[in-house]
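Order of writing sets the labels: A, B, C and D. Residues in every chain begin at 1.
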Amino acid sequence: MSNNQVDVKTQQRIRASFDAQGLMSHLGAKLTVLKPGEARIELPYREELTQHMGYFHAGATSSIADPAGGFAGVTLFPKGSTVLTVEFKINLIAPAQGDYLEAVGKVVRSGRTLTVCGLEVFGVVGNEKTLVAVGQQTLIRVQEP
Amino acid sequence: MSNNQVDVKTQQRIRASFDAQGLMSHLGAKLTVLKPGEARIELPYREELTQHMGYFHAGATSSIADPAGGFAGVTLFPKGSTVLTVEFKINLIAPAQGDYLEAVGKVVRSGRTLTVCGLEVFGVVGNEKTLVAVGQQTLIRVQEP
Amino acid sequence: MSNNQVDVKTQQRIRASFDAQGLMSHLGAKLTVLKPGEARIELPYREELTQHMGYFHAGATSSIADPAGGFAGVTLFPKGSTVLTVEFKINLIAPAQGDYLEAVGKVVRSGRTLTVCGLEVFGVVGNEKTLVAVGQQTLIRVQEP
Amino acid sequence: MSNNQVDVKTQQRIRASFDAQGLMSHLGAKLTVLKPGEARIELPYREELTQHMGYFHAGATSSIADPAGGFAGVTLFPKGSTVLTVEFKINLIAPAQGDYLEAVGKVVRSGRTLTVCGLEVFGVVGNEKTLVAVGQQTLIRVQEP
């Protein structure tokens, strides 16, 4: 949405919010990139994240795709605003395998009330990235409690 | 789809598949109900499942909604078939809170290749159930490896 | 959502809104049922509504499913409010054929800002109804201009 | 998906299929671009396509977005194959207004059975294009009847 950086205060707010999400540390997810209108989350492979065939579970894939979009939205919000997911839709287009997954959330449209994001999840082995899921998400901006 | 029971072999296949999903035990999820065209999964509350406001994370909600639909589909499959999620869409309509979440997957249409399920997730406190999420899912039937 | 009737003023507002939608009369759609939290729209078969195999086009199916949900939402709104569709998702589960299609929109959750509806479309031949599409929709309430 | 052209036979098949869709001519839609993995459809403004506030109806927007994705999928299919829409999801992110709408369907993943497309719809006034809708779609390849 812009080539500027996310200001330090907003970065701190987002990182504090990420750290306050019990699920993220329980899964082992890391917030790696924050740019205006974009956020990335990585999730290293472990057996605790698998479905019955040994790939990353669709639940694990979704668990990082959704907040990647959410935080992407927050990068464009004014101070005092946070986000709730209204809904998302995700297509699982290839087996989710690799050393880790990388979820990328990008804002498509940032409105006063509603934000729409595109979601992508890649399976990463060494330098090779394979697109394993694509999604689309609607967020609503709310006042921080 | 039917008022018969799921035959014992199919139940065993599904429970073995559930037990082989590392994510389900890592989250603490339990497969509670299997009926023809329906499956239910419960997820007791713990801090490791939360988002930043202390509710169940949308990722946790999705992580049980998706396999509830998937196993609902499998209850209607012949021996030797298993399932992959093509895509799902979920609306988060109320704060996901309670002693536990209950995800209910129900088959809307079971085809030769594709199955469509409706998904519901409830937050349960004592005897009170609140609908916290609704979804719709497409599955594809594949041969067991 | 209630077993009361939609009050006459709200019915008039909704019917005026339906009549003001050029697309509805161009397709030949009729608003047939208005109940609190529910609306139904019928669309008689004609060649002008088909896809390449002679069935109703997915665009025709969607064109009545979306406003059925929208008007279902409006039945629960206070005076002075109208609706915009935020997004919808629709699964086309059987060939859309019949003397006419009937779209049914039902409110799943009516909030202050957002409403979530379930959508169903049936193909009707004589007394026989076949479910041809299911969907899920998010609406936003806005002030009437 | 490729920078080659769509071969003439495939173009003819797609154009014949488009011309056989009664809804497309009833709405006044034109198939404008066919590239490997991409198709574009334009829809000039007329009152017969409007919702109650005078914008293009979401049904009109969807009616060109869905086949834009479908034909994008077919550009990559072998002879003898055609397409059915499994499902699509669309976010309506701005008032759909302009001299015409342009729907763009692009293949994200073309598989043996399933194809996933991204959908965009623009409102066009003179040289200015505004993104009014984004969507995501699942297609299934079937044998031509």
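In this text, a contact is a pair of C-beta atoms (placed from the backbone, for glycine too) under 8 Å apart; a residue touches a chain by one contact, two chains touch by 3 or more.
In this text, all values refer to a predicted model and were calculated from it rather than measured experimentally.
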Pair sharing more residue contacts (C-beta pairs) when B-C is set against C-D: C-D
Report back the single chain whose CA centre is most distant from the CA centre of chain B. D
Per the centroid of Cα atoms for each chain, what is the distance between chain C and chain D, given in Å? 22
How many Å are there between the centre of chain B and the centre of chain D, using C-alpha atoms for each centre? 33
Rounded Å distance between chain B and chain C, as computed from the means of their C-alpha atoms: 29
Residue list for chain D, restricted to those that touch at least two other chains: 86-87, 89, 91, 138
In their shared complex, chain B is touched by residues of chain A numbered 17-18, 20-27, 46-53, 57-60, 62-64, 66-67, 82, 84-92, 145
Contact set on chain B toward chain D in their complex: 86-87, 89, 113-114, 138, 140
Please output the residues of chain A touching chain D within their complex, sorted ascending. 89, 91, 93-94, 108-109, 111, 116, 118, 131, 134-136, 138
